[in-house]
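Okay, handing you the structure first.
By written order: A, B, C and D. Residues from 1 in each chain.
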């Protein structure tokens, strides 16, 4: 079976997913593309041999669309996702699930009413081989009960449009999801430290930031976010348990010895670091649609990330400890032990 | 365009390629399968929704077959490859290209007469991300002119049917191709050392072996083959140049600290170590067929490996230095500098 | 010149220093030993061919004593150090310099009045090759201005007598000194997080703890203290600057591949990890005494560590941010740029 | 007890040992120094507060000399060592023990007649922490019976006076001793490969060289010697056994991430790489003299290295396999299992 995918949003990330569905992933074809920029939509649709649709309305629920991929701008996500749930159509939604808590709640409620999962949210760390091996080690009890995690998310630079709240919503959001998943635990509260700023920053930007999370279990997580670290795109993570620790591997790179140094290259872009994870994410989504089941990060995970993100931003501004208040996970979102 | 692939040989490796073409690779479908074991062929064909063909004759050149994948047993390779060339059909042939030098020569001659490349041989190391990064470093001059390479190929164990010549033909064959490609050079001669044998061997087996190759350029290569090393499947490679060295990365694995040790896991099977390389190999082959060009390891590379393999086996038995005598590469097989 | 050393305190650490002065270090001899346990003093003195003194009074300022090493229990340190300053005798004092802030201030005042440095405090991290290489990298500008440091101090286990305040005074005290020295900066305030406790703890013990320090420059430091981590004695440190990071090396250990794993051993005891640093610390102290100058961690460093330690303990109990209030460094303690 | 050392030869290495005995090592003093260059002898003696002796005759056996350190040029070693044995005086002789096989035999015979060991030869690898940890792993059976070893000895550059035979006598001599000791085995034969030469060589120099040794047990050892590798002083060693491998650690260096790379420094000089090993070598020698016993590499090890070195040089020139012919080790030189 070939899964026919309708794509809502043909910007950079949408176009990249269309390319992935068309020329990387097995078992899918793009049948319809829409974007508020119709020229753009036409161009991307042409690259995939798909039709152009005037709006999401003509994509979601259409006869030639088995599943929907939402990659429009954030504020438009909720409308498409809700329409997909309404149509009973599986939907992959790029992060964020929605830009307001209210919309996230609305989606979770709609899907819960629907009675089975349709939504997968684009937290692609769960598809990275390194993170998966870490999670296997934690789940296998190799380090005992997790007590702490130390993370860092470093980018070489960001454009001037990047502001301090984006350190949470665009950057640490990946760590927020990853530690929830690695520790199989929920974030209860956040505090944000403001270290000395890099002078290579823009004046409006607090960079770096250190985010401190307490999990429901009492485990503690610290996340360094440093988006102008200059030297590369570097993701670090260590989980410390009662009997041991497990540490994310650096990307596999040959060791070169020359000019008095032994060195490996540090990736410069998230596409280099997580390209394979994006591919696998979409492949597994397509496979799950074909198999008639939903897997991966859920609407609940998208909602929780939104709640925690909001708390983190409030913590950044106030300097105080801020509760995340995620609440109880509906039964629909109970995760099998071996699941992504 | 979907490439319609006919598969000749549905044993373990053939069936694995059918699975890969059907559920991993983009842009291909399996349309016909044949095997001398017709039940086996039927089973594998069914898994892919393909027809069963009574013999290669009904696969190669058939209207529903754009390209052929040959994964029968070695002695049958040549017949299928020659038939494909005769039909002007692109063909992927698992290693070895053929089991006799004569057949290799016949294939190279036929393809040369045909005038453009149709054959790709299954040397999948060239598709491993680690090897590719090494080759980029060498080609970029990061280590200067290559002077030496040190390699090791270790398997945890082999079955009793494995004999001393297989250390060359089944095992070191990968290193033979890899060093030719990494150094962009040809192997001129071979010598084989017989170290103290592991007592965990079968009596008939010389294990480990140390193979010494001299390249046309004068560069020297040593390859340790140790197929009962017990601890894992471990592939090591370092190229030493005039100004530096480059070393193959170990597979990306999280570092676990527990019980007094900091450890990473060593893969236990070539499928774990090179699974992604196999996937990429077939994807790139399918892409090249769709694009109407040939790339990757050529019939010439298959012929050269056969010549060098024979010399290596003679060197094992005689204890002497044995010339490989590969000869001049026809123009058809000149490689673009940036090619796999 | 052989430096004649009088030793005050012949417990475990004192006896170890006597052994070090007698059979490892160059240019020293132990001439007098005292301890409140006179049998113990006699035994240790005999091992070094030294006389037994009834009290510190008969050691400090004696004709056969060029320099004093204080390794008595903490509350007795101040009296000996003050007596040494009074006598104009160089003195090495094991950490802590004193157990009250008042005594630390008294020592700093006495030394300042004396007009030149006599006191070295036993912060041996500054003599570890790995830390020194880190400091060289920071001082050479290889990572730019330091903005953050991430540290961990892990012990396999501690005895039942170890209590929560010791996580600061006995354990993190090393990190407190190390980050002041690595960053050439002062700690301004402390906060302590209480992660989920290990169930392998004693009930009275908060283990692990996460200590958060803000430096005067605004740089932020986090220190994980986990003294029942089970797997080994593991010290980790990374300094993050505006343009790069530098990370403490793990101890040099051969890589063993066996039984499906590639592993190195983790030290189990601080003596294994820092033995060479202790030797070098005492060697450099002896050399500096012979050369008539003082170097290494000063009384001011001992005072600062005490102030910061007290603030950290208050932060542990209160859960609040607590200022360290170290104050201005007297000119006597200005450090040359290239100094330990 | 302070060991009074007479030093024969005050060139670069002799002067360095005088410095080491005077200001690093515990329990020794230099009492007499001689050199054919009397000005040089006077200068070095003055630095240690020692007397100048007109010749070795006035050093060896003198009343103020408990032990002799021989660091004259190679051809003069034998005379001093034989004189020391004759005088019943412990003697440390820098490598080589002697420059002819005949002299080596003479020394072994003299010491054997004397009936107990007096001679230690300066193979300092046995005092390097990394090699010791490797040997412990091998001796503890962690890798099973050794079957192979892969070594490399790389220097950044050598002066024009360095010629092809020195690759054995000055460079690989360390690996020759190290593998005998690591594997507790003897070298039976040698073959030397001549890879493509570096163009950064002098015309008279075969660089690199690959030396192939067969041990009495049948284990095989390959040693890459590359003394103009440009990038640093790099020593590599892996021993492969029946069940695992052990690999020499790289020197402990902090990992710096900057400018797109994660790098450690490679030492540029053997003094940086093995400084601590030299210190420990002389310390343990002094300790053994004080304890009235001999330990460390013996005259037999010096003789064996000479035999193997000669075979290796003949192998270089002839291109053939050359037997080393070391012969049976006299009982005097039986090594305790736990010995250096």
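Heads up, the rule we're going with is that contacts are C-beta pairs under 8 Å (C-beta built on N, C-alpha and C of every residue); 3 or more make two chains touch, one makes a residue touch a chain.
Chain by chain, the UniProt names read as follows: A, B, C, D = Inositol 2-dehydrogenase.
Remember, it's a predicted structure, so these values are computed and weren't measured experimentally.
Here the chain-to-chain distance from chain A (Inositol 2-dehydrogenase) to chain C (Inositol 2-dehydrogenase), counted in touching steps, is 1.
For chain A (Inositol 2-dehydrogenase), the chain with the farthest CA centroid is D. Averaging Cα coordinates per chain places chain A (Inositol 2-dehydrogenase) and chain D (Inositol 2-dehydrogenase) 58 Å apart.
In whole angstrom, the spacing between the mean C-alpha positions of chain B (Inositol 2-dehydrogenase) and chain D (Inositol 2-dehydrogenase) is 44. Averaging Cα coordinates per chain places chain A (Inositol 2-dehydrogenase) and chain B (Inositol 2-dehydrogenase) 37 Å apart.
Residue positions of chain D (Inositol 2-dehydrogenase) with contacts to 2 or more other chains are 230-231, 243-245, 250, 257-259, 264. Across the complex, chain D (Inositol 2-dehydrogenase) meets chain C (Inositol 2-dehydrogenase) through its residues 22-27, 129-130, 133-134, 137, 142-143, 243-259, 264, 276, 287.
Looking at the complex, you find that chain A (Inositol 2-dehydrogenase) touches chain D (Inositol 2-dehydrogenase) at residues 230-232, 234, 250, 257-266, 268. Only residues 144-145, 147-148, 150, 152, 193, 195-200, 208, 210, 212, 214-215, 217-220, 222, 224, 226, 229-231, 240, 242-245 of chain C (Inositol 2-dehydrogenase) touch chain A (Inositol 2-dehydrogenase) when the two sit together in their complex.
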